[in-house]
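Note that the chains take the letters A, B, C and D in the order they are written out, and that residue 1 is the start of every chain.
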């Protein structure tokens, strides 16, 4: 392996940080919580999850926390996602598809505008973490 | 310089001094156990602890390794120092109750008995590490060290096995203050002439007591410094700073016209005849040892004494030891008869002993020699003709008790006799010197059957060798006595001078030559010449012989495929003709 | 040659420093040895050209002896080693010519070994006597016919 | 493959503790099981498993922390893995039965930071524990590893570095607490004799019973130590460094070797580091486990290949160390602190801790405490906080009696001093010392004479034997203490013990000997009554010294409760107990060897000890 220069060190740092940032637990501007209870998974939450992962990767976004939780209690409207922009009330989206997820990610998570047509409501209960 | 106070006394010492050294100057006594001036301080026994106040801070330190500092106030016997010292000595006493220096210090400190458990009342080792440090720092061998930890600690060689690193210098035993390390005296025989053969020699000595110049030298074989690079004790104690380790044997190239070899002889080793008991019984000595003994500058001041310091009452002199003997040397050593007679005479002069002289033939061939023999006959020496078969200490009668018994067949009366004596002198013969063979090779000299150098001609060239310019003198050519040696040496010098006086040397006429026309330049001859006298001339494409270097062996001639190389006086044609000639009939 | 008892004709090449002096010693010591050997002095056994040996055989010698200093004692340092090598090679060649290798001998005799020289001469003479004459000439090997 | 993994974003990171404690509790098996299960559920592209260094809460191993979310699972077994994977990682439901429940509470605490054990800790030396895979240099770099090195090499002069360290107030974490900046300054100023060169040494010869912070740091974050050493080398002008680590720490040696190789590959070690023209390399020297080799002069002798025994100081290593060259020796923890100080500045570091002791200190909590483990706390924290808040108090609701700090060289601090704020000075004041940071907690059932005897037997065993006070003195003290615990002590023994202790402290050659009497001195100071009880009434108040115990059987309990179960008689080694089933059993005092087996085996509490 060739010896590193100072700039290389910085490059490695940035590159690896992206993948390990999740472990740090703070400093995120938004949290995307995919509800992955049995009902959610049955309704296709995995696809939604993968869609978000793909978005994060392709857009090279590192300050958004993607996580999952159990059933939100509204099994009929699964798949569901709760999006919480730092300092704002969480918003729940229901009946999602891959396409909707992409749109929500772009407009709400990155843009800060709530995509009202897919939203269930604002200010629902907070998750534990 | 540093100013400090020791026990209230203001003194000034060098900056590099330790408190212990300063205390010595201030005449304050600090007991020590693990300290020795010639090795590095170890600070292990903690007996030399003193209380030091510096800048308002008081502390206990070991005086052996702590350097002095400006303004130190040292209390060698403060309550605090004494308490630590006493307790440490008391604890050490429990470990090594048999260590004398420790008991002495304990006594001085008023410790009568240790309160701690004694493991071994015979233990002497106080683990001061002087032996380990001496072995490492002075000897440089590091053959011993501490093994185990804590109370199990002890001095040992690696794995407790005899260490190859040990050079047997016994420095550890010497440095041991308590006698916990001892060394065995393997040379149990304490005899007065031990200076000659017995015991390891000292590394610094004068060659002999009458040596000129009377200057000591360092024997590299025995010196620890040359084995390990350490020690240098002699330099430390020499006030004149005369010890020089750098001085080395130097090789000097001298260009000379002729060489006289006078490499001398070595006495026959009497140990080779076990029946004569040399080395096994005390008071059986060789002629050289007797010479040393009887010498006024010898170990006894010239008195003839036995190992126990008494004068012998009967002495036997045995001729032909190793000479005229098919089993050892067949030749006669020529000098033994006469020196044996001299010994008999000296013994008669210096002692009241009965003297027996066992001879095979009395060979008194020189001028005045026979007369000397007759004088001895008159002096009462008992001459017995016969070769001694054995010397032992097996007494058959009370009279023989404690004596050496010489068994011999007296050929004049035809009976085997047992002669009890107190001392036996072996008249050992002469052999070529130790490096005789290497010399012969180096100078290309042949040796005769008796292994001495061979002269060119016994009658016509008795001091020349087969090599021009190399002459022989003295016993390297054959056993001879002093007058003969002097005569031969004179002759050798004359021969050499004759050459020098002529100022020129005639070259061998028999050198080889190369015919330019015939030489094909194959260079076979170049590699063959042992004298590198043949070189290849690149320009001409032929080999060329340097006449001055060529010795005329003709090896190149025999190998030349084209017959270009020829030896003067030994040309191929000449030899062919010779062959034809001798085979005509 | 002769009728009655066969007397071998031997040629000895002796080096000047050891063997020739050794022979001299045997002579001055009046040792008796077989008179069959005819001696040629060379400065060194290394001077002995293989041609000399062949020539000796061609001229009618029944045996050839080369004698030099003991190994390591050569007056010229290593001439005797050269002789040793040549002896080995030449022995092989002689066999191919039909000359028994026993007829060609190399011995080390030092200047002090008069006795050894006597011994070697007597032994060699006896050996050749047993082998009989070389008879090169009867087998068409006459030198008048030229060499191959 | 490695390159690809670097870019891969995972939804979940499962941080499996791979410190020695958890590894011996089969954490590698857990890791394998996790990977297998994850694959089974097809989650391998969403979830990754990362082995980390010691998490610190060793009591609860094997430990798994799920990130993001900081979910703390503890005491996992391989059989639990399928359930855990399915519930949490697949379905997203936290599994509370694997969570930690603090002793006094009923509800499990899911999040690591909410667990009291972690809440009060401030991580500097252990900043990367549980967050990176110590065998991957990239992860260390991502957590700002070698950032301080760049700063030190490009922006700072050696003097500036030393000033920064001096201002931070960092003191040696190995025990004595010598100001690190000052030490560096001394080494920097020292003229190097015979041909130049200076050395850096990292002392990882951790030998105190119950202390394992050096091991944990080397295992969890070897790059922090390497980085600290390179910065130190730049500051003092050294070209070569050694890490002296015990061979009994195979995992630490292995991780450090890997880290050194990776750093060398990256050009962070060796010649021309990061192209700045600075040369420095580090070698590992493995020690054979002699306690005394933790003493700096003995350690250097050992590195040089000589007998590992101390030599008198001065000269200090700063003047004449390894092979006679000026040498800077610091402890593992000290080195690990250095990069953070350079990164975040002396002011930040000096803001933590007390007036004289700055920063944090890592302590290992062992003994009679609920939360055994490794904790990093700010200086000045009280013993009470450590023992009760972080340590979770004493098991079985027993009373706290004393804490031994500083290992066998330290002393016992009694209950009365529980509110002592911990720093170098306060501990020394209390007769103990900071030491390397071992904390052995003792409860009411601990006999302080026996504790002193235990520590003395350790120092006696580990004394190199060079100097008289340590070699003979520890033996003498141990003999006396053994005598006292066997009920054969006399009134004079206490005086003699005190004299010996003071004299050894005063006159021993090295730190080992000078501090060896501390356990005796502190127990004499705070628990003299226990010594007196052993000597005068031949009783051990804690019933630990069995030779002083008198065992009897309460006949009533024996018959009524235990129905003369006969277990004690069958187990008695010396046939001292007589009796039959359903009858009261009796101990024959003459025959009793006081082994205590009957007391241990009696299920009914019929056997009494007095």
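Rule of thumb we're sticking to: contacts are C-beta pairs under 8 Å (C-beta built on N, C-alpha and C of every residue); 3 or more make two chains touch, one makes a residue touch a chain.
The model shown is predicted, which means the values in this text are computed figures rather than measured ones.
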Subunit A to subunit B, fewest steps along touching chains: 2
Chain separated most widely from subunit B, comparing mean CA positions: A
Subunit A-subunit C separation of Cα centroids, rounded to whole Å: 112
Inter-centroid spacing, subunit D versus subunit B (mean Cα positions, whole Å): 63
Computed distance of Cα centres, subunit D from subunit A, in Å: 41
Distance between the centres, which are taken as Cα means, of subunit C and subunit B, whole angstrom: 50
For subunit B, residues that touch 2 or more chains besides their own: none
Pairwise touch network: line, ring, star, complete, or other: line
Pairs of chains satisfying the touch condition: A-D, B-C, B-D
Partner subunit C, residues of subunit B touching it in the complex: 440-441, 444, 446-449, 454, 466-467, 510, 528, 530-531, 551-555, 557-559, 567, 570, 572, 575-576, 578-580, 582-583
Residue numbers on subunit D that touch subunit A, as the complex places them: 6-13, 15, 46, 67-70, 90-94, 110-111, 131-132, 138-139, 141-144, 146-147, 150, 154, 265-268, 270, 272, 274-276
Complex contact set, residues of subunit B against subunit D: 41-47, 49, 60, 62, 65-67, 80, 83-84, 87-88, 91-92, 94-95, 115-117, 127, 129, 145-146, 148-153
List of subunit C residues in touch with subunit B within their complex: 9, 11, 17-18, 21, 38, 40, 42-44, 46-52, 55-56, 59-61, 69, 72-79, 82, 86, 110-113
Subunit B contact footprint on subunit D (complex, rising order): 290, 292, 307, 309, 311-312, 314, 460-469, 471-476, 479, 496, 499-500, 503, 506-509
